[in-house]
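Listed below are the structures to be examined.
Presented sequentially are two complexes of chain A, the first with chain B as partner and the second with chain C.
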Partner chain A sequence: MRAMPVFRRSRSSKLVDRLMRGVLWSIAILFVVVLILFVGAILKQGWPVLNLSFLTKMPETLDAGGGIKPQIFNSIYLVVLSLGLSLPVGLGAGVYMAEYAGKGRTLNFLRLCIETLAATPSIVLALFGMIVFVQAMGWSFSIRSGALTLALLNIPVITRVTEVSLLGVPRELKEASYGLGATKLQTILKVALPYAATGILTGLVLTAGRAFGESAILVFTAGTNASAHFPDFRLTVPGETLSVHLWYVTSDGTLPDAREIAAGTAAVMIIVLLSLNLLVRLVDRIIRRRTR
Partner chain B sequence: MPDVLETSLTAVPANGVGGSLADGPSAPPAAAESPAFRHSRLRRLTDRWAHLAFLTCSLLVVGLIGGILFFLASRGLAAFWPAAGNTGRALSLSEVFLSADWSPSSDRFGILPFIAGSLGVTGLALLIAAPTGTLTAVFIAKMAPPWMRNLMRQVMDLLVGIPSVVYGIFGLTVVLPLVSHTWLADAPASGFAVSAVILAVMIVPTIVSLSTDAFESLPSSLDEGAQALGSSRWQAIWHVLIPAARPRLLTAAVLGLGRAIGEAMAVQMVIGNNPQWIALMRESTDRAPFLRALFTPAATLTTELVQELPNTAAGSTWNNVLFAMGLLLYLLTMVLILATRRLGRGKEA
Partner chain C sequence: MLIPTVPETKPIKLSVRNMAFSYGQKKVLDGLSMDIHAERVTAIIGPSGCGKSTFLKCFNRIHEVSSAVNVSGDMKIDGVDIYRGGIDEVDLRRRVGMVFQKPNPFPKSIYENVAFGPRLFGVSDRTTLDGLVEDALRKAALWDEVKDRLKESATGMSGGQQQRLCIARALAVNPEVLLMDEPCSALDPIATAKIEDLITELKESLTIVIVTHNMQQAARVSDYTAFFWLGKLVEMDLTERIFTTPRVQMTEDYITGRFG
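And then the complex of A and B:
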C-alpha cells in the first residue's frame, strides 16, 4: 500500500480536473458514436438488398441475384447442434466446479483450463477440428465437423456462466434443502439449478450469438459450400453459414454482386444479433420485476 | 487425479448429506428422516454416479486442452521432425523462426514476417485500446451518472457481440475507402493502421468490462480518503484509484492482447495479405517511412493461416509450417493466461 500523496488544490489542478473530465466524457461518447455509425453503416448498405426474395432464394455460384436461404438455415442448425453438444458438458463441468471441486488446487487447475480454452483463438480451434474431425475421422467439411468444433468454442463460456450462476445461489437455500434430507444431487437439480436457471439462460443466449457470428472455425470445418437441397438436415453435407458466406463472397470475388450480397448478409446478421440482445434485456427485466 | 476422486467420494456421509456442509453448520440428524426426500440405496447410488458424471465433464475440458496441444504439435512439429508418411522435408528451427523469406514455391519458409506482423498489428491495437479502454472503465465506475453508466454497458455489450466478419466488412467498405488515395496513403490503404483500429474496437469491450470490475471492487475508503485529503476527482483517479487497480488493469490488457493476436477474419479482410511486406516496405520510398509502415499491405500469423491453409496438401512441408504457426499461437495463448495468473497473484501478495 502506497502512502496517500499530498493533494494541492491550485488553479492548475482544477483546470486539469476539468480537462480530464472532458476527455473521459469524450472518449465514452466516441464509443457510442462509433457503435451508432457502425450499425448505421451496415444497415444502410444492406437495406437496398434486403427483401423477401434475398432471404428465400438459393445462392448463385456465378450469376448475380442469389439469395441466402440455405445459409440462414445452416446458421441456425449449427448453433442449435453446437449448443446441444456443449450444453451437457458445460453444465456438468460448471456444476462440478461450483458444487464439488471445493476450494483448492483442483478448482484452480480447472479454472486455469477453462480460462485457457476460453482464450484459445478460434483459428486454433479450427485447426484442431480440421485435424481431428475433417481429416482423421474422415468426415470432411460437414455439418458434424462444424458442430463439434463449434461446441469447443461454447464449452468454456457455458461452464463459466454455470459456475458463476451457481455460486450466486444463497447458501441458506441449499442448507434448507439438506436440512429436509435431500441428497447433494437432489439439492443441485431441484434447488440450485432452478435458482440459477435465469443466469444460465442469459449466458446461453449470448453463447448462441457468439456461435452465430463465428466464422474462422466454420470455414475450416463446415466448409464454404451449402447443400443444394433445402432444408437439408443431413450431418454429412457441407454447411456454409451466414458469416462464412459473408466472408467467402467477399474474398472469393467470382460473384458479380458479391458486394451487395455481403452487405445484405451483414445486415441480416446485425439484425439477428440486435434482436437477441434485446431479448436478453427483456427477459432480464421481466425476471427482475417478478423477483421484486 | 484418482485420489481426489476417491477422497471426495468417500467424504460423502452415508446419509447422503453432501460434503459442502462439512465446513458449515451440520444438519440435524433428525432431518434426514423428513418425508420430503427419501434416501433409498438407489438414490445414494445415483448421487455417486452423478458426481462421477460431473467430474467426467470437467476432465473432458482438461483433456481438451491437452488434446489440442497434442494434435497441433503432431502436425506442427512435423515441419522440423517429419514423421513417417510425410512428404515434407525437415526444416531447421532457424530457417523457420529467424528467416524473413517466405516463398513456399521455392521451398523457403521463414515465418518472421508473420510473427512481426502479428506483434505489430496487436501492439498498435493495444496502444489504442488499452488507454481508451482503461479510461472508459474508470469513467463508467467512478464518474458517469447512472444513465450514462447503463448506456455505456449496453454499448460495450453490443460491440462485443458483433461478429468479426461484420467488423471486417465494415473495415473493407467504410474505413478503407475513407483513407485510401488520400494524403495518408497513395494506394488502397490496407495494412497495419486500419487493421489495428478495427482490432482496437473489437478488444475494447474486453478491456472495459474487466477494468470496470477492477475499479468497482476497490474499497470505497480509498476514494473517500483521497477526497478527504482534498483531491480533485481526477487526482483521486490518477494518483490513487489507477495505481491501486493496476494488477487487474494489466490483466485486462493482457486478455485484450490475447483476443487481438488470435483474431483472424476481420484482420484478414483489411490487412492486404502480403507475406512480402517487409521487402515492400523497404522498397517504396515515395512516402514518409512512418506512413509507409502503417499503410503497406501486410500479413500476420492468423491471416496467413486463413489465406493459405485451404490451398496446401496435408503432410507437405508448407502445410506443416502453417500448423507450426497455429501451434505457436496456441502456446502464446497459454503463456498469456499464465501471465494473467502471475499478475493476479502479485495483487494478493
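And then the complex of A and C:
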C-alpha cells in the first residue's frame, strides 16, 4: 500500500482566507459610508426647505417661495401610468419566455432584443419618444407621450425579472401540479407565479424607483411645464416631474431660490425612494411568511 | 422476459406490451411487457440508471412536461392506450396520481395543499372541500396529526409528514392508480414504516406501482416485483417467488447483493 501524504493546510491559505474576508468587509463598509454621506448631504441641504407649504404650493415662475405640489403629483402619476402600461406587457413577455418559448434560437433572439432594449441609454429612448409621440403623433409634450416612452424603459426590466423569477421556481413544484392533473396555464397561475411573486414584486419596485428618478426621457416627452390646475389627470397636458423640475430650476436660472428648491426637491425624491424600498421589504417579508 | 403464471383474481389495470422509450437518440427502455393488476402493489427494483423511474413516469406522461420523448409499443390503462388512445394527458394525470422521490408540498397551508387538486377541477364549495380534505388526510393517516393546524404552512412539517401530505394531496382527486417514485428514500426508518403501512392500506382501493432502491421494502409491501436491468425487464413474478426462488440467475445475484 502507498503511504498517505500528510494533509495539512498551509498557513498562507488561512491567511489569504482571512485577508479576503477583511477586504470584502472593507469594501462593503466603504460603500455604506459613501451612501450615508451622500444621502445625509442631500437631506441636510433639503431639510430647511422641507415644510408643508413647499410640498403643497404651486411653483412660482419668477419669485422665490414656490412649491412643488404638481411635480409630486406628476411624478407619481407618470410612474403609475407607465407601470400600468408596462406591467401587462412585461409580465406577459416574461411568462412567454420562461414557460412557452422553449429553448433555442427564437428564445435567444428574443432575449437579445430585450437585453438590447434594457441597455439602451435613456436619452436614446427620449429622442425616440420625442420623434414618435411628440412629433409624429402630434401629442406634443404631454403626460401620454411621457408615460408611453417611460413604459419602453420599464418593459425590458419587468420582462427579464419575470422570466428570471419564473425560472427559479423549483421543478418539483411544477411536477406536483402537473401530476395532479393541472394544465399548463393552471400550473403557471396557481404555482409558478405565486412562487415567483416576491421576485417580481422586488423588480417592480426597482422599476418604479428608476421611472420615478428618470429625467432625460421626460424632459423630451412630458416637458418642463406643469399644469396650472391641480390635480390635473388629463393625459394631454405637459407633466413636469420632480427630477425634471430639479434639473430645470437649476439650469434655467430665473428663480432667486433655485438652489433651495433643488435641494428640497432632491430631499423629497430621496425620501420617497427610501420609503418605497422599505415598503417592498415589508411586503416581501409578509408574502414570504404567508407562503413559505 | 418472464411473466408470472399465477392465478390472479384482480383485473388487469395497466398493461404494457413491447414498449420502448427514448430521449432523442438515447434508448432508455426497450422491449418491456408486463401486466399490473388492480388493488395490488407492484414493485420495480433494479440498479440506478436501469430506467425504473423513467418507466414509472410513462404511466402518467409527466416527462412530457419538460422534454420531448418518444414512446413506442403499447401502454394501456383499462384497455385504452395511454399514448394513442385519445386520452388527454391532463385527465390521465388526474386518474394516475404520483408521489415523488423528494416530498414536494406547495409553499401553502396544509389545507391548501390537499385542496389544490379538487380546486383545479372547479370544486369551490367550502363544505365539499372541507370534506375532501379531511377524507384525503384520513386516508393518508395524517388527519389526527394535523387537524388542529390545517392553516399552517406545509413546509414546516417533518419530512415524513410532508410525504404523507403529498400522498393525501394525490388522493384528494380520487386517482385510480398511484405511482410512487422511491417515496421513502429521503425519510428516516420510522417515517418509512408509516408510509409502508399506508401503502398496504391504500391498495384496498388503488393500483399501486412503487419504484424502490430498498429490496426489503419491496419484499415487505409488494405483491409483485419486477426486476429491471439496463432498460430491460429481466424478470417479474410474485414478490415472494422473486425473493425466494427467482428463475433468472441475474435476479438472484441482484437480490442477494452480488451486483448492483
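We adopt the following convention: the second predicted complex is superposed on the first by the 253 of 292 C-alpha atoms of A that agree within 3 Å, B and C clash if a C-alpha of one lies under 4 Å from a C-alpha of the other, contacts with A are read in each partner's own complex, and residues count from 1 in each chain.
Operating definition for what follows: a residue touches a chain if its C-beta (ideal position, glycine included) is under 8 Å from a C-beta of that chain, and two chains touch if they have at least 3 such contacts.
On a predicted model such as this, the values are computed, not experimentally measured, just so you know.
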| query | Touching A:G181, do we find chain B (first), chain C (second), both, or neither? | reply | both
| message | Quick one: is A:V191 in contact with chain B, with chain C, with both, or with neither? Answer first, second, both or neither. | response | second
| Is the number of chain A residues in contact higher for chain B or for chain C? | B
| query | Regarding the shared-chain residue A:L173, is it in contact with chain B (first), chain C (second), both, or neither? | reply | second
| request: Identify the partner contact of A:A266: answer first if only chain B is touched, second if only chain C is, both if each is, neither if none is. | output: first
| message | So in the superposed three-chain picture, is A:S275 touching just chain B, just chain C, both, or none of them (first/second/both/neither)? | response | neither
| task | Check the residue A:K14 against both partner chains and state whether it touches chain B (first), chain C (second), both, or neither. | result | first
| Which parts of chain A are touched by chain B and by chain C alike? | 171, 174-175, 178-183, 186
| query | For the complex, which residues does chain C have touching chain A? | reply | 60, 62, 65-66, 90-91, 93-94, 97-98, 100, 102, 104-108, 116-117, 119-121, 153, 155, 166, 169-170, 173
| field | Interface residues, chain A side, partner chain B - complex | value | 2, 4-9, 13-14, 16-17, 20-21, 23-25, 27-28, 30-32, 34-35, 38-39, 41-42, 45, 88-93, 95-97, 99-102, 106, 109-110, 112-117, 119-125, 127-128, 130-132, 135, 152, 155-156, 159, 171, 174-175, 178-188, 206, 209-210, 212-216, 219-220, 243-244, 246-247, 250-251, 259, 262-263, 266, 269-270, 273-274, 276-277, 281
| note | So, in the complex, the side of chain B touching chain A is made of residues 4, 8, 12, 15-21, 24-25, 27-28, 31-34, 36-39, 43-44, 46-47, 50-51, 53-58, 60-62, 64-65, 67-68, 71-72, 74-75, 132, 135-136, 138-140, 143-144, 148, 151-152, 154-159, 161-166, 168-170, 172-174, 201, 204, 225-226, 229-235, 237-240, 243, 255, 258-259, 261-265, 268-269, 302, 305-306, 309-310, 314, 323, 326, 329-330, 333-334, 336-337, 340-341
| said: If we count contacts the way the header does, which residues on chain A are in touch with chain C in the complex? | reply: 170-183, 186, 190-191, 195, 291-292
